[in-house]
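Just passing along the structure, written as structure tokens.
Labels for the chains are A, B, C and D, by order of writing; each one numbers its residues from 1.
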Amino acid sequence: MRFAIFAALLGSAIPAPVFADEVSDYVTGEADELVSLYKHLHQNPELSGQEVETAARMAAELRDAGFDVTEGVGGTGVVGVIENGTGPVVMLRADMDGLPVTEETDLPYASTKTVTLENGSPAGVMHACGHDVHMTSWVGAARYLAANRDEWSGTLVMIAQPAEETGHGARAMLNDGLYERFPRPDHAVALHDSASMPAGTLGMASGYAMANVDSVDIIVKGSGGHGAYPHTTKDPIVLASRIVGALQTLVSRETDPQEAAVVTVGAFNAGTKHNIIPDTAHLQLTVRSYTDERREALLSGIQRVARGEAISAGIEEENWPEVTWDEIYTPALFNTEEQTSVLMSTFADRFGEDRVVALDPVMGGEDFARYHRADRDVESTLFWLGAVDRDVYEAAGGDGTGLPSLHSAKFAPDPLPTLTMGTEAMIGAALRLFAAD
Amino acid sequence: MRFAIFAALLGSAIPAPVFADEVSDYVTGEADELVSLYKHLHQNPELSGQEVETAARMAAELRDAGFDVTEGVGGTGVVGVIENGTGPVVMLRADMDGLPVTEETDLPYASTKTVTLENGSPAGVMHACGHDVHMTSWVGAARYLAANRDEWSGTLVMIAQPAEETGHGARAMLNDGLYERFPRPDHAVALHDSASMPAGTLGMASGYAMANVDSVDIIVKGSGGHGAYPHTTKDPIVLASRIVGALQTLVSRETDPQEAAVVTVGAFNAGTKHNIIPDTAHLQLTVRSYTDERREALLSGIQRVARGEAISAGIEEENWPEVTWDEIYTPALFNTEEQTSVLMSTFADRFGEDRVVALDPVMGGEDFARYHRADRDVESTLFWLGAVDRDVYEAAGGDGTGLPSLHSAKFAPDPLPTLTMGTEAMIGAALRLFAAD
Amino acid sequence: MRFAIFAALLGSAIPAPVFADEVSDYVTGEADELVSLYKHLHQNPELSGQEVETAARMAAELRDAGFDVTEGVGGTGVVGVIENGTGPVVMLRADMDGLPVTEETDLPYASTKTVTLENGSPAGVMHACGHDVHMTSWVGAARYLAANRDEWSGTLVMIAQPAEETGHGARAMLNDGLYERFPRPDHAVALHDSASMPAGTLGMASGYAMANVDSVDIIVKGSGGHGAYPHTTKDPIVLASRIVGALQTLVSRETDPQEAAVVTVGAFNAGTKHNIIPDTAHLQLTVRSYTDERREALLSGIQRVARGEAISAGIEEENWPEVTWDEIYTPALFNTEEQTSVLMSTFADRFGEDRVVALDPVMGGEDFARYHRADRDVESTLFWLGAVDRDVYEAAGGDGTGLPSLHSAKFAPDPLPTLTMGTEAMIGAALRLFAAD
Amino acid sequence: MRFAIFAALLGSAIPAPVFADEVSDYVTGEADELVSLYKHLHQNPELSGQEVETAARMAAELRDAGFDVTEGVGGTGVVGVIENGTGPVVMLRADMDGLPVTEETDLPYASTKTVTLENGSPAGVMHACGHDVHMTSWVGAARYLAANRDEWSGTLVMIAQPAEETGHGARAMLNDGLYERFPRPDHAVALHDSASMPAGTLGMASGYAMANVDSVDIIVKGSGGHGAYPHTTKDPIVLASRIVGALQTLVSRETDPQEAAVVTVGAFNAGTKHNIIPDTAHLQLTVRSYTDERREALLSGIQRVARGEAISAGIEEENWPEVTWDEIYTPALFNTEEQTSVLMSTFADRFGEDRVVALDPVMGGEDFARYHRADRDVESTLFWLGAVDRDVYEAAGGDGTGLPSLHSAKFAPDPLPTLTMGTEAMIGAALRLFAAD
């Protein structure tokens, strides 16, 4: 909605479309092939860090298209490079991992793959987050750009990243020298399919688009005993309950109302019997923020609240709550503003304003965020790609709700319109960014 | 009820009555005189620490009866002594002060006295706690015991104490040498009128009978500001509310369920405007307990809770809550068990078991407690004296509820039966304790 | 910051400047006169609803300039109209009321006016919110636009509104037929001085710019009694403290993290004595939101929380908390997006991008909001006008903090640069909006 | 301590000892036999409701001694009767069941028995609550009383009860006609070994001696969802935490400080993942009280709090928390005062005051309580029997702490002094009660 206004104002100022009917024709021509690749990937999902077959396929695709390919970057990561004269370095990224979800669609190409999890239990594997869509669009773009080097000038870096779901893949590729061993990108672009937008549409948010995602554990220590004699104990359940209550104020009182932040206690587990006060309570939190400052304020606030409530409850220092989190968290995704505006205009101009939506940020997370964080000079944009069958979308009310969400066992993108839009948008973004400098 | 059983068991074991019909006859003969004295005292109440006329009258009464009298002990306190051969030292105590209450009874002898309070406002003065009853019974006992020295052997110490209501009088008399300048008592006895027992009855609790009474103030410091920008403030109202919540656990979790304790926040005042977060909140608490250990646990618990919650809320150390209380508190009243049992048996034997009730302890306070605390060898008992007109008592339901309480502007003891019972019980207690050793 | 990017992109697309050097020259020429008018208004502030002299002066100014003037609209409101050919109807608004604040500046033209408040106490009166700045700029614009009718075509409506501070003035003028008796505006513009931006700058937020402001009172009813006997009472302080705690979740759990909302308890008053549990507690809240839906969710949430906690505490239905608010609240100010973008571009082009700032919304309130709410077809923008002396601004750190705020007794706009910018911006906004259609 | 005083007063009033050296001689003579029986029972424990071998042995013992025996009363319960002339009916009770505890003592006669629990897992079985002590003392008393009918007159009813640990046994025997099919007792007596008193001592509390024990479950229902979008959920963890907090006030504010009550949340389980808000939370409580009124107030208070907090949190009526408890709870044990005083005096006289202790009530539970509750005319007393080896007791500090508790795998009564005292006390109690009427 906001976009409509900007676009109206921008009006005549937008440069001539940088990608044209050739692209569209190409994508139309490749459509069957892309759908076929998609179905293959969909039926052969691999879990995070185990993307061996998938990575091999991505590498083969790049090699076939003419890229200079390196495998095994940050585990199973794949990097393909084409140097094509002077100009900016543009990096396009796909992620490769599936999820331990047993598919519940009735699709003829539904995944039937199963694995045994670390804890010994069996599970299905499914591309329930649509990374198969990402890869297929990315392969389509790689083929076109490799085949049409006269349309652009600069260096194209295609990366297929492992382990997005666990938040480790981008970090692993960066740590393995992505920006040192290969041309450092000026522009980085990724897409993510959307389970609440109809196929054939795109969307993006400028600035912070997705959140810092932290998982925090609090081990609240008391001193257990018989439930009939509370005075001989230090009750960790009452204490942990007070911590849950006090945590609310980190958002309600301590965060600027204009700033988004979430502190959710997703699990509270303590004790097993009515009449035995346990020794400990275990809280599991998810914490969301956009800026580093807010993230640090929330995390230190959680620590402070846990400690203060323990002091209030008379817990000795050696038993103050253990508050821990992993520094390998998923950082907030920042869509750099200038590049994002350029892509927004480009897409609106190419696909029509009614198919391109300016979105609010969401509080989910994506480790594509790390490519910009690793080097703030890398402009970056992740945009959303509508994936929902139009009829399904309308039947559910037409507002994006009431549909199977990402990670759902019933998530089922509509392949043709999703993949053609995804591929064309990826190609278009790259062409526009090569042209921009 | 419990007493009935003990008495039944005790049966024949109770020694022969130590006070007899002479006492009863005497009291009956003096009844008009006692009622007259009572009405005089009732019409001339004086506030705590200002008992000048009252003390003079008490001193005159003792002197007339033949006591060796000292005035001005601990302010307006009066001490009278009769040494009468070998035997124990028995101390009988009355308290003298009235209250700043404007009497609302229709009694012909209602107090019409007024004073100007320290804060400049006018107030009535009334013996709304019945200290006039205490003094009259005490005078009656003094007269009898002085006149009938052949019935007892030992030393009798009569004290008229100032400032019971403020909790300062007993302390002041002790600090002024009550146990050094005068014979140190082996036994100390006082009575207190009851606004929920019918005239003609007595009651007592053994062991802890009344509570430690502490007034605690908590100044909760935050950092104020505009209500629309909570993140620029440290909200003392949310913090103080959390303190109120956490204080509940001092009783619910930290005190033995078998042990009585109260932590009440009687006042919570912070802020004056909807949209301004204030800098501070002020909590006023009353704290009740019986033992020194529990008192200390509650007070230090309050301090700990206030501090812990402030830490939880991110308050810096220099702004941690100020938690204060007065060490001149009213300590718990302990009726020493052996003496109290002896008096209970004595009264039951003399007045009949149906007029003598074993009571549970209450959480009110009385500074008579200090006489035993100052020297644990002083056995002590404070017993309750029913003061309610029988018809009024029955009309209100006969269970002691629905009646004007102590400190009420409508409290109106039934003089004759109250005073005769009070006087006879005081005489009887003294005679029994002189005989005990 | 965001604006800088948009402006960069917009670049050549911005239409030719619609107001030019003539305006600037005029304002420079009128500067002394405007400062003089400002000082006069500053020294003669009148409280909300009592703007008699001020309104008379505004009416006289409009009449002198050639407007068709109506007085007494919605109390002391003034409306001036010039019909000048075909074209849009543009409404410029100033507000007239001062505040009961005793000025503490050392300015030679400081207000020395005093009044007696309704409660009988004396108070100073001061234009502590800068409505004198608003009126002066508005008069300057009225004069120019009336004198230069060749530069624009359409209908100009100038309104001087009473009682902004109490939230009643805009409503009163609308209720008195502002949109029926006078030409209904297509565009409405107002400015507000800023106590945190340097003189010579402008700022604005698009969309929701200021908040719904509600004052809510909660009377929490319990049943008082002696602090030593909590079980005979229903403690309203513990209950109200729980309500304060539960209210936090209206923001922390029930509001979309992306949406701004505030629920502040600014006052909590209950009880006066340590040992008496009171009958009631009184909470005073300020509640801020942007949308109607959020406002209603918060208000009904407050009601629901108060009731639920009372039920939890065992309060009978007849004593459930009384939760009240005034439906004459200050609604959220919505700067309609297209007009606001147009004005932003216009100002940036005219004054330079470094003097025009895209601002985030704030949670304060302004009843200018009502003009758009009364008719959603009225596009409207309220923009901020920097008023702080440049040297003072820099000395305070240059980030807009550490300065006397609006409503402060020390608020002192720097007249010359503030008034010239304010006047020029008002003229420019009108010219641009007349030209837009 | 309290007892010492009563005893001193009672002094000469106590009737001549009703049991004498014959009893003591008998017990000494039987000691080896009793210890042998004890070891047999200790090595052959059976779980609640499965006391087949044990019941057979008890029945055989009674039959051998000359009782008229009925088996299978209320499951495996055994009843033996001797009618011996006119006089009161005295009932002595033992309980027979062991616990699913794997013994960890090093005793040569430690239990090595194992069973498979209902859930399929293996477990040891142990008389970890000392019911073997109870049975042995009871058998010793049965033998003596049957053999010495000249020493008493009346009817003796000996019952061996199943399933005390699960709270079902007493109820089952009563429901199976204990008071209809057999002589209804005037007096009922049981003993319970104490893991904190030295062997050779006895103790008892008058009036309420053990508590009502209720287990309450609360299923708190919310509406789960993604942790990053709390506004799309109704968070049951925050709600359940608030319930835990509010429950504290049932004790701290709603219960008379003089009255013992406990509300403990022993388990709080909700959710399994950091970032998923669950649908429900499960609280498990133990609730302790003495009177029926307090029990009902606490249970209905829990229901009220759960509901009120749910309303506060915006939960619809159909999802209000499910609060459940079992009406087959263990009711409070009431030691009727007159009989208990009589037994206390009797024991003090026989064993010496230093071996008989007046105890405070405890908040544990025992279904012996049901015999008095089923008919308030049945006077009843359960007394404690010290079972700790003297040297072990002293080594642990001599205050009864630091020792393996009842139900501990390391609980190890000192057989000889425990069993001789237990047997002699049971015989003495019966003789005294036969003599009393």
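In this text, a residue touches a chain if its C-beta (ideal position, glycine included) is under 8 Å from a C-beta of that chain, and two chains touch if they have at least 3 such contacts.
Note that the coordinates shown come from a computational prediction; the quantities given were computed from them, not determined experimentally.
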Next item on the list: With centres defined as the mean of C-alpha atoms, identify the chain lying farthest from subunit D.
Entry: C
Checklist line | Between B-D and A-D, the pair with more C-beta contacts | finding: A-D
Item checked: Centroid spacing, where centroids are CA-atom means, of subunit A and subunit B in whole angstrom -> 71
Margin query: How many angstrom lie between the centres of subunit B and subunit D, each centre taken as the mean Cα position?
Written below: 41
Check: Which integer distance in Å separates the CA centroid of subunit A from that of subunit D?
Finding: 59
Margin query: Two or more other chains touching the same residue: where does that happen in subunit B?
Written below: 228-230, 235, 238, 242, 245, 248-249, 252-253, 257, 262, 288, 363
Item checked: For the subunit D and subunit C complex, residues of the former touching the latter -> 228-231, 233, 235, 238, 242, 245-246, 249, 252-257, 301, 304-305, 307-314
Next item on the list: Would you mind writing out the residues of subunit A in touch with subunit C in their complex?
Entry: 2, 5-6, 8-13, 206-207, 245, 248-253, 257-258, 260-263, 288, 337-338, 341-342, 345, 360-361, 363
Check: What residues of subunit B sit close enough to touch subunit C in their complex?
Finding: 211, 213, 215-217, 227-230, 235, 237-238, 240-242, 244-245, 248, 262, 264-278, 281, 284-286, 288, 362-364
